[in-house]
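Structure provided below as structure tokens; questions to follow.
Chains: A, B, C, D, E and F, in written order; residue numbering restarts at 1 for each.
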């Protein structure tokens, strides 16, 4: 499949209202629930890019900084940053907003990876990505480094071979 | 709080049956649903260690290798590997089993971090960990390195200062 | 509150994936589930316009034309079309897409009405709307006629007094 | 199918307890959740009348007057008011009750329309309705007028042709 | 509280549609889900009798004979059979119906016991029951015997003291 | 199938966190929700023993003594106590724990019975049980008596023939 697509063609926006069952005893959104929503918004973006059924391959490290409260509106935005032969890296940005209080802040960002599959659940090739904006280009370039980190963390690459990543630790 | 606890004191086991609403159109467990279950089993372990309410601070990179099917039994096991002043790293191991078919394999492992909080949602100190088995000791030692990686990925430490992690990339 | 806002300031987009529990025995999305999602996306738009907690006051007639299948992506878009003293009419447009099959069509549209309330659940005034695009202007104008229909159907206005509506039935 | 049935043969009663996840931040039942329950109780009535699988075709305008609280018992009653070739209009009445407080009031009523379908999801004819009580007769007669309004609102009939409806606006 | 009520004053009917998430891998309703629905319909009946908040005290032995399939309509009917000082025994009858197939059969019956509580969750007295029909009288009489069995099974009565129950085993 | 298994081979542990939707208006876990969890943990044990798909055949009398609160951790433990030709009795023990408060108590125990079925939902034989510990032996012996009680309560055995059970009521 030689088609080339832009990140904006896979952009997906999702809004969720934090309901009682999504919260812990502090009345804050549970981290696991947010990870679930991120997976859905990212899977839709990966589907849009590949026009295929997709399965989650990995989620990169995510940190949770501020509490998101009951009744808040959570806005998740996702797009494909880079495609490899059969896999796609998706960037997700999460904003939360307490509308009656007029507060709104960015609470998280994350990278999920998906594999496109055919009807027999076998990996199948996906279109390439051509980034357009500066942000998209920076994410496209960083994708290689994040991929090496993923392979090392999964025990499938040895650190010495991760050239892009190594450059972070060894200056000059 | 000067008390010292062992990892086995926080060990938690959870079994879940994969139901239709947990699956995608391939009849496989969605990645986001599994991340949600991991968050719950890890939060219980962190509660047991700290005897406090806990909030999720971060999840490390997780990869998903094999499909988990509708009707499978998913077994999640968690324990605290190391405690820092007010935070705890929790290791989670996930096994899945199709009992009528007699198949059983390890499908995932992950590290989540939690912070213990008091009634005003302010961080509060937690007991230290004293590892006992070889596996527990290895995880206790690796916790420093994983913590540096988390801080770098969250933009709160510069790579040059991450001595434990740097050693992986620069031999000799 | 004399502030004036545009419809685009309340625009809200929501994507939902049709999961097994959302479907009937034909594997199609149940109408009631879609009405529930419409209520959420419309409530968020009304919150954005009023910066208040809002409660659903009514839903206008909705028709369901084509089946939406399991695994489809449902995209809901909403914005406030017109504000009355304490109430707001919200327009919702629903598109559904089977991404692997490459099909996408508009499946529904609807009007919901919300009332803004204060902490004691008493109605409170909301900003006015200033429509900008042609579509927004047409919806703004039609809002009076739809409001008369709602009042008649709820038994709170007699048909003879509904001038805008009457004009539809009596030419010349 | 020449069989004739009475409205009471399709009468269906459903009771639901308002649970935390059904409520908004005011601890009141969300409108969308109630629309979902109405759809289920009405679909069961339409199934009973037609002995067929049914799909929701439309919901008429519904207004929400009073808040229904957490822990309240919501009673929904439905029956088929009139059958057209392959479709059925169903009337739903909703009562809510706070039993410990001893309060009980009628909170809503609505009309949903369903189409009976065969195994290939093609419309199939349904039995006629023979109303018995005065209330049933009034609803049977009004069904024509409501049907014209539905067709006009869906853009499938021009107002001038809606004789029953027109009579409401033009006296004498 | 000296008021006396009849069983029919607490009669409650609930209809549920079996959805995908209620079923096991055989596409049949899970037993645990049905026990949950029985608890809700019985709690509403106990609330109606006592006009109080109620908590489940026990469920008697229930057997499950036939499979209830996806898409079936489950009808649950409950009423209070007898009241003791602060507790009530509730009888529940479950019917299931596959409407398109035209099958309908009684699938279960059960007895649940509830305690009425005040605002501090302390038991509070409830009205007495005066049975009217033959079925109601038979259930009223059998309630003593079932209560003895419950007390024995909970280890709070010794079998020798259970006169009504003993009569079943020792003739003459 | 002549294989013999021990109770510990089917032992299953499940932990659940009490979330808002699991609770009643007193903020306590609803009895029906707990019965549902017991059914799942017991079904997994029966699956492990038989390596078959299983269906719930009955639940014995269960009593609920103390309130389990929102945020509590509920631990359920199950194992097969005795196998009959195609059915298995499973014992379930429920503990609940408020970890921040440091309270932990046993709240329930129950016996569920399951039947193993083949692909056509026909009963199929299961391995025998060989109890090892004193507790397991006591439960193995009591299983006959509980089975007679189940058959009597289901109207499939007359009390006079229930020798094990009769001995409880008639001394000497």
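Here, contacts are C-beta pairs under 8 Å (C-beta built on N, C-alpha and C of every residue); 3 or more make two chains touch, one makes a residue touch a chain.
All figures in this text were calculated on a predicted structure; none of them were measured in a lab.
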item: Between subunit A and subunit E, the fewest steps along chains that touch one another; value: 2
item: Set of chains adjacent to subunit A and to subunit C; value: B, D
item: Graph distance between subunit B and subunit F, where chains that touch are linked; value: 1
item: Interface composition of copies subunit C and subunit D: same or different, split at half; value: same
item: Duplicate of the A-C contact set - from D-F, B-F or C-D, the pair where over half of the pairs recur; value: B-F
item: Centroid spacing, where centroids are CA-atom means, of subunit E and subunit F in whole angstrom; value: 20
item: Inter-chain centre distance, subunit A versus subunit F - centres from mean C-alpha coordinates, in Å; value: 43
item: Distance between the centres, which are taken as Cα means, of subunit D and subunit B, whole angstrom; value: 49
item: Interface hub residues of subunit D, defined as touching at least two other chains; value: 20-21, 24-25, 40, 43, 53, 71
item: Pairwise chain contacts, counting only pairs that touch as defined; value: A-B, A-C, A-D, A-F, B-C, B-E, B-F, C-D, C-E, D-E, D-F, E-F
item: For the subunit C and subunit A complex, residues of the former touching the latter; value: 12-17, 40-41, 43-44, 47-48, 51-53, 71, 73, 99-100, 102
item: For the subunit A and subunit F complex, residues of the former touching the latter; value: 20-21, 23-25
item: For the subunit A and subunit D complex, residues of the former touching the latter; value: 19-21, 70-71
item: Interfacial residue positions of subunit F with respect to subunit E in the complex; value: 24-26, 28, 30-33, 35-40, 43, 53, 55-64, 67, 112, 117, 121, 149-150, 152-154, 159-160, 162, 165-166, 168-171
